[in-house]
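Presented sequentially are two complexes of chain A, the first with chain B as partner and the second with chain C.
The block that comes next holds the complex of A and B.
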């Protein structure tokens, strides 16, 4: 997987993305395991590149290959903040070879990623969306703590918004981090007694103090 | 009065001419036996053939102890003593009613049904016949009655059955020998065509070739193994296996089918080649199972789907995969980019479509290929997942 993570250029798909069988669930167990691993690393690389925090199996509306392809061709922005449909049409379909993954196959890939610890179901009951962990919450926690330390903000109270979207974090990996993932990272720090969550009198979370 | 045999008056007689003339005046000779009134000029009774004695003879000449009513009439008696002719005489119009009764009896052929009736009724017949002493005589010339009659009837029906069975089996054997002749003829024809093909080079060559192929497919070189020849089913199946191997080798069918033939196709082709005394699918399967044990150059193989094929023994999955890979490597990149369908493989290797699909799926199961499922069907690719 030769992808330049820091590049602002378009994501470079691996060569297997041009391989038609890549979009068909393989019957041979061994082949399928290998295919899953390929998808896993592709998804992680893609999400890291475009800062995609959440992926969904598919939209609730009729999500045919044709719609996906049209959406994909007409889409202008590759930013992860776009709807997951748009991401799916980029990530799980290749209009150049006219192939796309079926939703049930996407779901199987997600299950594999969850099993590997590379993702987590948003709701494990419905299994429709995953948080993509190209870095796990504890890794994010380490990153955030290092950033706080390096910028001399230790002991000061920071809001969640500041950590995720503040001007100072723009160059950081966790810029634009999903609220839920950020909360999981902070919870990780709290469990290690490295952070304290500051609550207002009405029990509203005001911010976090990294120690 | 009645139909009667006219006896020529050739016999010598001691009756004088005078007496004869005198007798004419009277009412004629009265037969001493049957009382028929004969013409005075006759010496023997017109009706029963008994000698007529003139009533005018002196009483001393009349033999009172003349023989009784001998019913035997010499000309009618055959050599073995059975009576073939019976003469009946009637007086007072009894003949008409008798004749109708006789005709009726002849038409209904009661004796035929009597011989066919069960033993019980036969016994009843015998006992009733024994009661009447007069009837004992009649048994001699009606052999359908009595124990002897029963035996004869039994013997006759036994012979009849044997005849039927014999002729039926004859027909079967005739059919068998004909079939063999037909196959021989087909072989001769094939040889003839082969020679023709060598000598001449005209447009109908391909037609000839097709004909030759079909007649080749028709004939078996060795004698046909039948269940009857080998009483032990195991021996039969192993012989059958050997013949199948030979058949597939000689006929070139296996080569034409790309080294693999489904058991169904083999069943059809082989039975067509036998022509008669066909084998059952079960026999074929049992024989095919023995290929490996008998170390024949062919093997029975079961595909994942349950399809049975017979193939050349060297065609192991590894060999097939190697062939497939060599094929993929030889194909131009732009063609390889869209993968390979079972149809492509079928065209390339001469496999039937079923076999092609099975072989590709086998290669896939072995990890050599992977699939690309489309609405238009499945296409196969070299497995890049496992190469990387």
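The block that comes next holds the complex of A and C.
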């Protein structure tokens, strides 16, 4: 199924992922609390590994395994929109033991993550989508600032696209960062007077100058 | 009246025999004392000499404690009973004792951290894996024997920490909640050793338990956090979290 090269980079699921009741909401409060904490750290680790910025309660597609094998090995949902079912079928379901989380349980887990500051609701989604903060926007801000400093780009104007997808950031953690999260990170720098957003005459955002 | 025959020797020689025997006895005691002190100092020397090995090398430590058990010395005996510490502690410069007490503290920490997941019941083998986990702050390599020893050293803290054996394989578990397991609960956990879980039907077919008995026991155990329920199978499956290790 998997080539050696790929298995190097494959996400290593924790052993609890093979534990069937992990996919059923536990009725015992204490047990549920520990179950939530395990899902929280699993989701953060998974999203960090595959650079997944956004998750949705979504529908966990059944029998989508064949598709996964084709486009799943690249392991990304960088292009966002239609990737969420693919991610959900890998993160919230385990076909080996034929178990999957219910959507209502996924939502509870999202709520827990938001409460912990590990995620934030996507405002327009009415609690259907979260931004996953395996790093918080202020931590991304620090990373970006450090990268700008170390590459001698302090004071020059960068486009948002350059920061997220430019050739120079390929090796950075924030390569491919979601637009909204990037904007939050930049806003954080602006609020600390460490960045200025440059707008064109028609009020279109041109880029950002990091000081 | 004059005694005749063997009895005639009695009074004359009894004192001499008594003397002789007490002399011999004393000599033996002295010899034994000398031997013992030689042995003690040899053992102490050995322990001090190899303190680092005893501490750091689990196999060496296991051999050492096996040796102690063979000659009838308990490395932990009396260590908490008085201020001056056990004879053993004095001899070994407290190193071995401290080792087990430090280990006990780590064991308690892990019991506390995992209690929400396993309801306060963790297998000794899982404890061993967790202690050695490289992502821990201070991973340590110990044997299961070390862990059992350290749990036993917590006996003086009351009934909070105890070793329990489960199932046909006599799997050794550490129980860190004060409530004792009922017979039925022990049987259920033992049965979980086979497949990782039990169902009401399995308990009925294998143990002849009527459904209401199984439901009561399983319900109690879920409420105590000892079992996780999986409702996505044909029938609700009750899983023991020890399966995770």
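In this section, the second predicted complex is superposed on the first by the 177 of 211 C-alpha atoms of A that agree within 3 Å, B and C clash if a C-alpha of one lies under 4 Å from a C-alpha of the other, contacts with A are read in each partner's own complex, and residues count from 1 in each chain.
Here is the rule we go by: a residue touches a chain if its C-beta (ideal position, glycine included) is under 8 Å from a C-beta of that chain, and two chains touch if they have at least 3 such contacts.
Since the structure is predicted, the reported quantities are computational estimates derived from the model, not experimental observations.
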Given the superposition on chain A, are chain B and chain C in a clash or a fit? clash
More residues of chain A in touch with chain C or with chain B? C
For A:175, select first, second, both or neither according to whether it touches chain B, chain C, the two together, or no partner. neither
Between chain B and chain C, whom does A:20 touch in the aligned arrangement: first, second, both, or neither? both
Looking at the overlay, does A:190 come into contact with chain B only (first), chain C only (second), both, or neither? neither
Select, from 75-83, 111-119 or 147-155, the region of chain C that bumps into chain B once both structures are placed on the shared chain. 111-119
Kindly list the residues of chain A that each of chain B and chain C touches, one partner per complex. 16, 19-21, 23-24, 26-28, 30-31, 34-35, 38, 99
Which of the residues in chain A end up touching chain B in this complex? 16, 19-21, 23-28, 30-31, 34-35, 38, 99
Name, in rising order, each residue of chain C that touches chain A in their complex. 115-117, 119, 197, 222-225, 228-233, 237, 239, 241, 243-245
Across the complex, what residues on chain A touch chain C? 15-16, 19-24, 26-28, 30-31, 33-35, 37-38, 98-100
Residues on chain B engaged by chain A in the complex (per definition of touch): 338-339, 364-367, 370-373, 379, 381, 383-386, 388
